[in-house]
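Presented below are the structures under discussion, each in the form of structure tokens.
Both complexes shown next keep subunit A, but they swap its partner, so subunit B is in the first and subunit C is in the second.
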Partner chain A sequence: MVGKSPSMFFFLHKSVQWRRYFSREVKYMGSDNKPVISKKSLKQLFYNSMDFVIIDVEWPMGKGILCYYSSLADPTEANKQIDIIRQRALEKTNNWGKTAASDVKPYSEEELVKSVCSGQTVIIFEESQLMLTVSAPNTSGRTPSEPETEQVVRGPHDGFVESTQINLTLIRQKLHRKDLVVKSMEIGADTSTTMTYLYIDTIADKDVVKLFETKLEDVRDINILNTGEIEDYLEGSVYSPFPQLLYTERPDRVVFNLMEGKIALFADNSPSAMIAPVTFFSFFQSPDDFNGRVIIGSFFRLLRIISLVMAIFLPAFYIAVVSFHSEILPIELSKKVKLAINEIPYRPIFEAFILEVFIELIREASIRLPKPIGQTIGVVGGLIIGDAIVSAGLVSNLMVIVVALTAISSFVVPTAEMNMSIRILRFPFMIAAALFGFFGMAIGMMILTIHLLTLSSLKQPYFAPFIPLDTTRFMDIFLRSPYTKFHKQQKTFTFISKKKGRKS
Partner chain B sequence: MFTLSRIQFFLLLFVFQTGTVFLSFQSRLIDVSGTNSWVLFILAGLLHYLQLFLFEKFHKRFNPGPFVSHLYIVYWFFIIVSFLAYINYTIAIWLFPNTPQIVTMAFMVGVSLYANTRKPETLINLPVIILPMIPFFVLFLFMALPELVWTYLFPIDVTDYKSMLKGLFFVQATFIGVEMFLFLRKYVKADEKVNGKPLFIYQSIWFLFFFTGLIFVLLFFPLNGFKFVTEPLLYLLKFQKVTFVERLDLFFLFIWISWSIITISIYIFMCIHVRKTHYKSPSNRFIILFHVLIVITSTFLATKDRIEIIRQVSIYAHIVFSVFFPAVVILMNRRGKQ
Partner chain C sequence: MRKVVLALLAIPSIFLGGCWDESQYKDVTIVPVMGITTSGGQVKEFFSYPTFHNDTISYTQSEGSGISGRSAREDANHRTMEALDFTHLEVLLVSSEIAKNELHEQLDMFFRSPRNRITSYLAIVEGDMEQYFKPPGDLNTEVADFYPELLRTAVLYSYITENTMGESVKILLDDTIDLSLPYLTINDNGIPTIEGIALFSHGKYTGATLKKQEAVLAGVMKKQQGKYTRLSFHWKERDSPITIEIINTRRKMKISNDRISVNYVINFSVVEFPNNNLNSKNIRRETENFLSAEIKKDFDKIIKKTQENKSDIIGFGRTVHAFHQKMWNKGDWSETYSTLPIEVNVTMKMKRTSIYD
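Here is the complex of A and B:
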């Protein structure tokens, strides 16, 4: 076989790596069934797709076939690179095909499909059964801008985009550490989605990293396109209403979490990073807490915890009071409540359900519609229909206040996943309160807490610092402590030496 | 198998000891000892500390065999059903007079069933839920401060041996659950010290908790009122006048129910766990049957007369299981070693 391509041998014989390629090549070509590479067969391989471009090219050592997806590759940039590589080949440079943007591999259909589908331009040399891959992908995409769901008052206003490379750049720009490890894994037998994960080697718990890698390894053959799909495989309890992995589109949030020993995962074409392991209280922290002053940061953190309690329990509490325990209200207030609900034909639970479903409809509609119309829906739904419902005597004024307060409280939670979980959770509590009043709420609260104690994120306790009980970190749930105070470096959920700086 | 940190250990012990009795022990104690009850409780505190001290000293020798362990399981089963019967009787009076008791009972035991089919780490951390409730309980209690009559503390007559001894017997209700020290002590991490200061701190918290409750109700109600007030703490809170809410006791009931459910769950956990140390791990079917048995038995016991009888008996049973049996097991192990 070597004898059949002397010119190729001339260029490559000095390189050890190339010799390896050749030895592989010999093995590959050992049989007489040498794959036939023609324009026709290649077109068939890619199902005659309209955006699959295939051109004959001249090369110093013979003819080649250039192919790429016009929708993925940038032909202008590819031409520039090919010119440079051709020049290197003419000058007989060692490893002429190996540059920062290109590589030479033995030809295989599998490798060809993988390269072309990932946006590379490929030149196939039929004679030598080699292929040159040139990385010149079409870089069209949006520029990093502040994510709409995670806006902050103070601090950086950049956000992740659909390109993992740009996302990694954003993180590296903020974290100048050599121990920041970036690894990737191709997942999906057909989709070949690249999952890129990163962690700080000296801080992250080795066992947690190993577990994470094992979990990724387990899903290697499953076709996964984004982080949302892989979430099911990484979570310990899929049916739990609580997210066990934190999604963010903010580079600063990823950096802060990496500094706490956590792992961040990016999927190709997804602007979200997935962070694990996390605790329940991680979802209630915002970068604003750390960028603002101590007292202000603490105040808002406390406000978010109160909003969590209100978002889950307020409608249930109102139903319990109105249905079972109206005697707890002061007499003046009790009179007003009775006056307000006397005219309503339905029980408080139905009132609450009507309004809650109504609020959810407005929210869902305003998300799906274009922005200007979405705002209109909010006004029409919230003000006009809300007022009409009260006037029609379907629900009481007080119930409108309760449901509106609950809705506002649930939107205070800074992460969208937890926000949705909380919104769903208030329904079972409302039913429990309608059945048994405070007793039902107590039972519901116990079940919820036991569930939270059982959950884990990458086998790390989800309800830390309550489990395992760490009284020294209790205050950090509610307050933001000053950077000047000494604290322990968090290494996921165990602690190493003391240091100054940011405390989670 | 699980391990406990020192805080987890003491928190579990605190819930075992307080969960079943903190609402009701004052009434019977004051009824028999009158104004002497607070002096008596100081004496009881010393006895309790001595008992904890001895338990700590000899805990390594406490290795009960399957027979004794099963006796303890029966005893805890008895404590669970008597406590559940009492809770449901109280709930029926205060909250749900028309709801069948088996329904409320089933819901409470259902929570325990859910917890006991989870991993042990969930159960051993369950008492943590009580921590945020304690400040509210103390706050509610201190709202009664302006209405306390300090002269109700006197006169003291310690020469009245009969009432003192009777009181000493009833104060034993606050010791119920102390035997858990011996069962849980071996799970405390080896590098965590229990003896000395930590034990003293626990004893102080235990003492302050019960003593505060006792003093508040003693100073709030006149002595002859205790015959009619079975849950003085609840009545004390009911009489509180605050601007934002009319019935403070209902909030307290919410706290107490949660506290009680946790206590029941960890008692059942101990029954299952101690059985597991001698036999293979019980299946979920066994755990479900155990819970069903608890519901049926406690429903049967949830009447006023039956509760009175079993509460009397529970103190005798407690003395046997927290003094007699530990002493016998420890002494027998000592002889065996010699």
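Here is the complex of A and C:
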């Protein structure tokens, strides 16, 4: 078809000229090897999709085929850009196709699919086997608003959105450093997801970055749509109850962590950033601590550590006391406890399970319901059924207090993943307490501690600063020490260099 | 194969709970007050405990008898709804007959199980044990609540020195010091009252007691005081009562080969003295001298009484055993103590008049 064109010679001549302009990129292909490019073949390439738009265009150098996905590209903006480029082409500017929003590449089906699928508008020049890609994406999406799961009292109220570009803007606006490195990697064999990761070059540990990159490299051929999927590939032990990567939708949290030398990973179309390597105690920090005053921040941080202990051990402790070790009850309290549990028909462990399941049901039900109905569920579930279950004699009122206190404590943990891990962890402890009393709890505690000590996040110790032990950092973990004091920068976990920097 | 073995071990362990050392709190009855006595060669025990029914607490009593304390306890279990549990035992009443013979034997069972509470109070009662569980007078409260509170208050006000079961047995088996336990009788109104302290010698109740103020002073001599230690005297010359509160006591013991001399320096504050005029130095001196003489008189009386009963409750034997082996080796300490000349000197020092003139 191309070969029969009367203006073939003109085009051939032109293509030689073009070749001079783009000699670095374009490999001249003989006219015999040229692939057939027509509107029909292109439509077939995109499976005759309805939103695939294909139009013939006139260009100073000849005919071209313009195509784009109407669902991804913004045609008005694309027209504006194309006008500018056409003008440049008429004026015969050097490298006329290269502007901030466009590029000229040699034509290949693969490259075409990639560009069109990423929302670019493409003009194909079949004669010269080149294509002009114009970036004019359809920018519909949320505006940065405060994430609902990570609200703070004091501090910035913005949050990440589904577009990585906007997310990067949010971070760059907060962190004016030239050593903030942003890198990206295309992942996926059939679909392609851009994984963007960033770190501060002068602070982040080189080995950790390298390890992170090799881990990403390993999953290059796996179709990943969300950061949640890549989490499994990056985590050291998938079956551990503890999350080894920190998720956040707060830009300020990402900035704090980047300043500590951590790596943040964004997946395109996902509003959450994934931070690694993290320690166990990173999950108990809230941006509120850093913004609040020293005494207040310290108080709340201590409160969270106490709530962690309560959320895991309180129901187990109660079960152990009433089924094994009633002698430790204070005498003043013993009669009240006895009165409360005397006529409960079954063992405390069943009692606890009934209530725990009940509370988990309320929580699970209210998450997905619209807010007004969610509140109703809370009132009906918490107050009415809670009261009825006690008066019916199915569960003792002490158990209601214990389980409610535990539920509240578990919600104090400021990160959603750790929050869930802790809620699940209390069940094995309850069973251990029901079987063996304090002895069972002690064994469970030992297993948990050993597990925490051996856990790692990107090969960095998870339970730092306990292992490796660094007592000087205890202050920063349990309290929020003043910024005016010297802080040891945890650049690497090997503690070779001491630097002044932001504390964790 | 290994997995199967592990599973076979792990799964049955879930069902172990019932036959492990579990004891559901809802299935036991806590016994706060217990009494031991003998009748007709058998050990008889009384229990007072709360029962819980329909969200209300009521109190009941039960008894058991057997050849030993433990068998009497098991016997009582035949008649109670739930098993009796002694992990919250607050007061153990022992009849004077048992105390005179075999107190240690009856206490043995409490030290054999880790679930027993050995911080419960021990008290000697005079007369029929059943009367103490069903007092003729109106207590206005339950027996199970009455005795623990009675003894707790007595310790607080130094009427008795704190004598828990664990401490008592320690002293009971000690050669260098003798035991003194709170002594209860039923008064004219039919209400159990702390009469004073019962004196022991060689681990057996001598039958002699120290009366109320003497018991308080014995506590001062031992330097074991509760939160408040108050003593009242009548000052004849000034025709006025005087009540003092002891702030602290210092004791210095001088032991030579055949005699002991003890110096007490006692700081006190005046809590009642209608005669007043304590702003005058002379009167203060006079008061101090009067009290020194009074208390020395009382101390001498206590020493005389304990020597008569060969009961070294103050614990002179401890110092003698530690530093004066020659005197200790003279023979049995109780015998030595009963004939030893002991000289007491008391210096009272008024630290507060408790009023501003």
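The working rule: the second predicted complex is superposed on the first by the 462 of 504 C-alpha atoms of A that agree within 3 Å, B and C clash if a C-alpha of one lies under 4 Å from a C-alpha of the other, contacts with A are read in each partner's own complex, and residues count from 1 in each chain.
One rule holds in what follows: a contact is a pair of C-beta atoms (placed from the backbone, for glycine too) under 8 Å apart; a residue touches a chain by one contact, two chains touch by 3 or more.
Owing to the predicted nature of the structure, the values given are computational and were not obtained by experimental measurement.
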| item | value |
| --- | --- |
| Subunit B versus subunit C as contact partner of A:419, first or second or both or neither | neither |
| First, second, both or neither for A:347, with subunit B first and subunit C second | second |
| Contacts of A:138 with subunit B and subunit C, given as first, second, both or neither | neither |
| Which of subunit B and subunit C A:327 touches, first, second, both or neither | both |
| Partner chain in contact with A:445 - subunit B first, subunit C second, else both or neither | first |
| Touched partner set for A:339, first subunit B, second subunit C, both or neither | second |
| Partner chain in contact with A:434 - subunit B first, subunit C second, else both or neither | second |
| On subunit A, the residue positions that both subunit B and subunit C contact, one per complex | 324, 327, 329, 331, 334, 436-437 |
| Subunit C - residues contacting subunit A, complex | 13-14, 16-17, 20-26, 28, 30, 32, 50, 52-53, 55, 57, 85, 87-88, 90, 115, 117, 148 |
| Of subunit B, residues touching subunit A in the complex | 5, 7-8, 11, 91, 95-96, 99, 104, 107-108, 110-111, 114-115, 118-119, 121-122, 125-126, 128-129, 243-247, 250-251, 253-254, 257-258, 261-262 |
| Subunit A residues within the subunit C interface of the complex | 321-324, 326-327, 329, 331, 334-335, 337-339, 341-344, 347-349, 431, 434-437 |
| Touch list for subunit A against partner subunit B, complex | 324-325, 327-331, 334, 436-443, 445-447, 449-450, 453-454, 461, 466-469, 471 |
